[in-house]
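These notes are about the structure you will find just below.
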Amino acid sequence: MFYRLSGIKHTRYASSRALWPVTADRRIMQLLVALALLAPFFLSDLYLTSYMLPWLIWTAAALSLTLLMGMAGQLHFGFAAVLAIGAYTSIHLTRAGVPFEFALLGAGLMSAFIGVIFGAAALRVKGLYLVMATLAMQYLVEWVIINVPAISGGAQATLSTPDVTFLFMPLQSDASLYYMALLWTVVVTLLLLNIKRTSFGRALVAVRDKDFAAAVIGVDPVRYKLLAFFAASFLGGVTGAILAFCYYQAVTPEQFGFNVSIQLVAMVLVGGLGSVIGAYLGAGFVLLLPIVLTNVLAFLATYEWIPISFNLIAHIPLMVYGALIIGVLLYEPLGLAKIYDNLRKYFVVWPFRHTQS
Amino acid sequence: MQNTASQTAPVADAGQPLLELANVEVIYDKVFLAIKGVSLKIHKGQMIALLGSNGAGKSTTLKAISGLLAPERGLVTRGALSFQGQDMLSLSPPKRVARGLVHVLEGRRIFEHLSPEDNLLAAYATRGSRQRYQELKEQVFNYFPRLKERARSKAGYLSGGEQQMLAIGRALMTEPELIMLDEPSLGLSPLLVQEIFQIIREINKEQGVSVLLVEQNAAAALEVVDYAYLLENGHVVMSADAAVMRENPDVQEFYLGGSGKVDYLNVKHYRRRKRWLA
Amino acid sequence: MKPFTRWLAGMAGAAALGLSGTAQAEKEPIKFALLQDFTAVYTFVTDEYHQGQRDYLRLVNETGGIEGHMIETIVRDTANEPQRGLEAYNRARREGAVLVDFFSTPVSRAAVNRVLSDEVVMITALHGRGDASEGETFPFVFPMMATYWSQATVLADYIDQHQGGLEGKRIALVHIDSPFGREPIPVLRDLAEKKDFELRAFAYPSPGTEQSATWSDLRRYRPDHVIIWGAGGGQQVSVREAIRNGIRQENILSVVWLAETDARNVGGNHMNGVKRFEAVGTGTDHPIIQDIMEHVIEPGRGQGSANNVGTTYYNIGVATMAVAVEAARLAMQEFGAPLTGEKLRDGFRMIENFDARGMMPPITITADDHQGGGYGRVSAWNGEAWEPLTDWYAAHQDIVWEEIEKDAAGFREGR
Amino acid sequence: MTKTQEIVGQQTVLECEEVCRWFGGLQALKGISLTVREGEIFGLVGPNGSGKTTLVNAVTGFYPPQQGSIRFLGEPINGLRPHRIAQKGIARTFQNVALFKGLSVLDNILLGRHIFMRPSSLASLFYWWWAQKEEVAHRVKVEEVIDLLQLESVRDEPVDVIPLGMQKRVELARALCAEPRFLVLDEPMAGMNQEEKEYMVRFILDARDAMGVTMLLIEHHMDVVTAICNRAVVLNNGEKIAEGPTREAINDPAVVAAYIGKTQDAA
Amino acid sequence: MDIQFLIELIINGALTGLMYSLVALGIVLIYKSSGVPNLAQGAMVMIAAYLIWMFAHLLGIPIVFAILLAIVGMFLFGMVTERLLLRKMVGQPIIMVVMLTLGLESLLRGLGPGLLGASPKSLDLGLDMMPIIVGDVFINREYLVGGIIGGLMVAGALLFFRTRIGTKLRAVSDDHVSSWSVGISVERAVAISWGLAGISAVAAGAMWGSVQGVDWTLTALLFPAVAVVILGGLDSIYGVFVAGLIVGILGSVIPGYVDPLVGGGTRDVVTSLIILLTIIFRPHGIFGREDIERV
């Protein structure tokens, strides 16, 4: 097969820590990047704008949350609020005439600063209690947005995104929006992959696994918990801005509701907690599965192949979605990423059955 | 002290053993082979030690017997386990307890938020009579008077030694035929270890309860037990009467610390190989 | 790698084909996309509303379609989620839908920019942006029935005309705490100034299933009239609480979202006398409903339970499609097939005094006015049905249009 | 013995004075004073619940003493948060191995270098221009420690699958990588058999010799304590009941009664 | 200040709060025995209400028997859920378990409205709608009945945990493996607590279904119930009672005075703040146990 481990040896410390030490993995990555770059040329606008684009942006959001939940171990059930802060900040900034590039930065910073307030709860509690605390904060942020017309945009509570350019590229055509989202997602992906192999990421993991043990080697747990919230919220804020400008093009509070927070958590978990590839798989699963199911069922219903009421048909995706989340968690608690990994290992040792690690 | 074991030791090898493990193999997580064909026997009234270094598979063996592998994704994949002549592998842990087989877990694991008294009540059979419960409770308090003093405080606030006593007392509430103790000495001072081992020995003699003791502290264990198995790497590498075991030069060197005559300051980085691995 | 890519592309293509394939009729069908919320916030209405739409379209198809063109529906659940709505919209647009009805305020709002640039007609009857009545700014969006502002003015005017005048009165607006709930406030404020009455708004948190604190406060305000402004489960709670707190039924007036179900849920005869704004006539006594009964329900081709026929939301659904079909018919007559979004828009703008054979107020849609006049009437629950108390009429459209212009200007600025 | 005595200098590394600590109404430390001198291995023994770990936790900042003072190299450190104390040069291991389960052995040990590194998420973003050099530089030091403690064979293993004895060694390696002046070992030999104990002693002595670390050792294995500790303090019930050169302290009658028990030979 | 207004707010708030306790009780029962925070409890309340509606209105069974049937049904449902889903999650991180219950919530939200109809149904328990009037204070009769039932359920649960089986349940809540090792059938104990949670869901479903109608919005009761649970302590049944009162009263009194000032519905803001402040200042709640942790 195309995987070959033999012949890969490291004579320098740097190369032993490369992102994709296995040649085949590197090839696959190159292929995927190429496909992503060429997507606007072979994908119809439906698949580009309704599938690829939201998938990429939600992946970036899931990756931001992965940094927090997976690496730093801080649970966050209010991440949609972080996205919302970024989205609203960027829109208000661009409307005030700030260039889009700086508006993105501003969105990230605003989210980061408010996100750190979320993190304050993490200094007191963890686990389930943190879930509840962030959930409550999500509600508060939502309430403020809805109840302050200056933020939400008056009686209609809708704000359209102004036309902007990014590095002299006007963000109007489907392709330009797509490339913007792709660029951001790639940046976030690289950041996460690298964080995993540098001291910052190790410190996060240390605080996650045993904060007292982290302290005795000089890692300040308080600082790193807050840094995790800061960094993740920054990424989340920029992602929120990208979501607003590249996808929705008009923001309303409902786009960042509690259910979106849950969906983001589901992406991270179903994909595989802490896994970068898992964020991609999880985002695809959570975002696209209900859509695909709805379409398949509607297609079947068109021909009246399923003799049940439309009410029931409409509810089936909800059931299947719930059942699949349960299924993934029960079957493979480490998520889709683990399933992928098993598959990969199978090919790595093919034609033999057992793996070494 | 030195002689108590050999005096009470010989329970005849004849007759059906109380507990018998034949070639038991345990795999964790479907990949990690923890014990590789362990066989051992315990007769009624015997007190037996299972010795070995860390990761040798002692705790796994106990868990295989009591059925507590499942929470750690462990599975008995081969071998047989019979208790009083009956197959145990198909039974759930509570059913095994009902048959008279109880396991005192490593690290004590008492119900921290319950009082010691409720700890005892919780372990008592659901359908048992009120009177029998009182009797058993008194018996436990007899062995461990310290528990009686603190019967109503929160068990989590007991000291390590008291918690160990409570864990053993709690096990006694199930009216066991065989009690399995996983590292009762862990983290306890030498004085307490001696005290607890003495009480275990008393229980063994007075109640006729068989005891299977898993210990790191081989020296202390070999003083009280009748017979011992030595586990290494998931295999039984040696089994003998405690006295025989104590005299074995390899055991002395590797597990008893050469009668305390090691010159730690001049320990070397390599050692000669053990005979049983040769 | 190559065969794999080709396989992948093939699979994707096949999936796309499979999902988009629809039956071919002899004459090219007209496609309406009903991409609605069947599972989340709007479940209280979608079922019946959607049933009415489908039954009416079936009736049209059974009786020859529009100039021989059948109407095909593209139906999806959006669960009130914008991203699912947008996907469904993009797909429907690709399949050639000329009209889309999300029946969900968040999704419609998220889609406004797109339908404007894609030139697809979006109908937003009784939901979405009220300022979309301004046809110049929103050429492809058609509220086509009274906006919430118009509803508020009609209700206030009813009090003014039939319940002893507004002057000096205390009017309480009890509303759900959301943009929708707050929508009537500016219009009522203007009216309060003009008509010299006192207005106080009471908000309760969504979804409005528990409102007791709000009503304890309200009772002490001693209002002469209470206007309740919510939707779904919160409405019947509001009615119950109002009655419990001693507000007489005839002094309770509601936004359009109060229906037979709510009367049932309030129970007994408690709701008798409660009034509501009505945009479309209720019951089966309308010729158009009779036709549906005859051609669709009796042959067993109805979409859902026959019991729903003639309910408030069913009839609203029928009315929306009646207007849409009328617009399509006009467009086809004027411009001929194939129907495009642009032609359909112009068709809508040709609608003049259309009243769905008496079931709804005669509406006239022009290039400027996509609301159709803002007509409605007030009806009261009599224990069994909604009984109209007035004729179709519109009130204080000047104030309404002020609001429409203001918000439409806001939209042009990006709000 | 001669060899160790040479190493002990006269400088005081750690000085505790009348350290008190209450938990609720319970006084866990009742005014403990002790002094650890440079280069020595200082034994801290006593029965369970006698306050050994509490004292160590006071020194390392987890439960700052409510009364009394703790000075490290002459500088007061009570009240400092644990990571600050760590940055000052005190490292420790834990009774129950406290490794980071999500990381490999190598990453665990690399974390020991944390106080010398400049972690930043921006550095991660620009890994190739920024972080890589740092990683490689510290890797060199880490490999030295790996060599010293003979951990090459498990370097890339996930830390939770290696045997406990190895885990304890990894923990020691992690502590040593911080190049501490003072190292607290909390029961490094708990749950070990004779063979593993001997290995551990060897590594402790090697580490002391190679890196010149002063150590505080909590241990129940009296044979080890008497063999390698220069001096010892015995705690019971939060009080100091004996102090002095190890053998003397342990053979103190009060100690025998409270802790060692009559039947066991202390040596 | 109008003192009667305050009294009315307090009384109706307290009763509402006790009705929240009905939902919260299920969460506590399950958490206590298995450490699972069941975020699907709101959905279970919804399913219970749908069941009662189905029996009473679809099949025409008298309401009392309909409720009894629903109790049997939900008890079984709880046991089966535990058996099929949660039992396999033993030992997984809490976040996985939380997600699982959220998946279950989604499943149930599809199941109930999908099979029985999404539009709101009315559930008539035969309670008089008109309030009890004392002076100028109006007391909501439905809330009064619901509050009393809430109080009774909590009292019943408290008594249950003093029995021998209750002691075993408490033991299970402490340590599963250890309970196993001394012969307590953890599975049965956890299954029983799920069954009991099912029963409390029926009580909640009946009361709330009667108040607000039966549809998916019943799942939204989870939010105030979570506030009750957090404030009272996740494993304290007594806490359910006291925190129910507090959440109810604060959620009524504060909005009663603040809403007119800010022009918005602040009740859920109060609820959020209760959750947040509890977690920051007393994470284990008023009565929850502080875990004994040692470094």
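By letter and in written order, the chains are A, B, C, D and E; residue numbering begins at 1 in each of them.
Here is the rule we use: a contact is a pair of C-beta atoms (placed from the backbone, for glycine too) under 8 Å apart; a residue touches a chain by one contact, two chains touch by 3 or more.
Note that the structure is predicted; figures quoted are calculated from it, not measured.
*Asks:* Identify the chains adjacent to both chain D and chain E in the sense defined at the top.
*Replies:* Chains that touch both chain D and chain E, as defined above, are A, B.
*Asks:* Work out the mean Cα position per chain and let me know which chain is farthest from chain E.
*Replies:* D
*Asks:* Using C-alpha centroids, which chain lies at the maximum separation from chain B?
*Replies:* Computed centres place C farthest from chain B.
*Asks:* If you average the CA atoms of chain C and of chain E, how far apart do the two points sit, in angstrom?
*Replies:* Spacing between the chain centres: roughly 36 Å.
*Asks:* With chain centres defined as C-alpha means, what is the inter-centre distance between chain B and chain D in Å?
*Replies:* Chain centres of chain B and chain D, defined by C-alpha means, are spaced 31 Å apart.
*Asks:* Report the inter-chain centroid distance for chain A and chain D in whole angstrom, where each centroid is the mean of the CA atoms.
*Replies:* Using C-alpha averages as centres, the distance is 41 Å.
*Asks:* If a residue has to touch 2 or more other chains to count, which residues of chain A qualify?
*Replies:* In chain A, the residues touching two or more other chains are 147, 212, 311, 314-315, 317-318.
*Asks:* Going through chain D residue by residue, note those that touch at least 2 other chains and give them in order.
*Replies:* Those would be 62, 94.
*Asks:* Got the chain C residues that touch at least 2 other chains?
*Replies:* Where chain C meets two or more other chains at a single residue, that happens at 38-39, 47, 177.
*Asks:* For the complex, which residues does chain E have touching chain C?
*Replies:* So the residues of chain E in touch with chain C come to 2, 5, 8-9, 12-13, 16, 109-110, 113, 117-122, 124, 129-131, 138, 140, 143, 208, 211-213, 215-217, 220, 251-253, 255-256, 259-260, 263-268.
*Asks:* Give every residue of chain E touching chain B within the complex, in rising order.
*Replies:* 90-91, 164-165, 167-168, 170-171, 173-187, 289, 292
*Asks:* Could you pull out which chain E residues touch chain A in their complex?
*Replies:* On the chain E side, the touching residues are 37, 85, 88-89, 92-96, 98-100, 102-111, 113-115, 117-118, 223, 226, 230, 234, 262, 264, 268-269, 271-273, 275-276, 279-280, 283, 295.
*Asks:* Which residues of chain C touch chain A in their complex?
*Replies:* It is residues 1, 9, 12, 16, 18-19, 21-23, 38-39, 47, 50, 74-77, 79-84, 86-88, 90-91, 94, 105-106, 109-110, 112-114, 129-131, 177-179, 182-183, 186, 303-304, 403, 407, 410-411, 414-415 of chain C that touch chain A.
*Asks:* Considering only the defined contacts, which chain D positions touch chain B in the complex?
*Replies:* Checking each residue of chain D against chain B gives 1, 3-4, 46-49, 95, 150, 161, 163-165, 187, 190-199, 201-202, 205, 220, 222-224, 227-228, 258-261, 263-265, 267.
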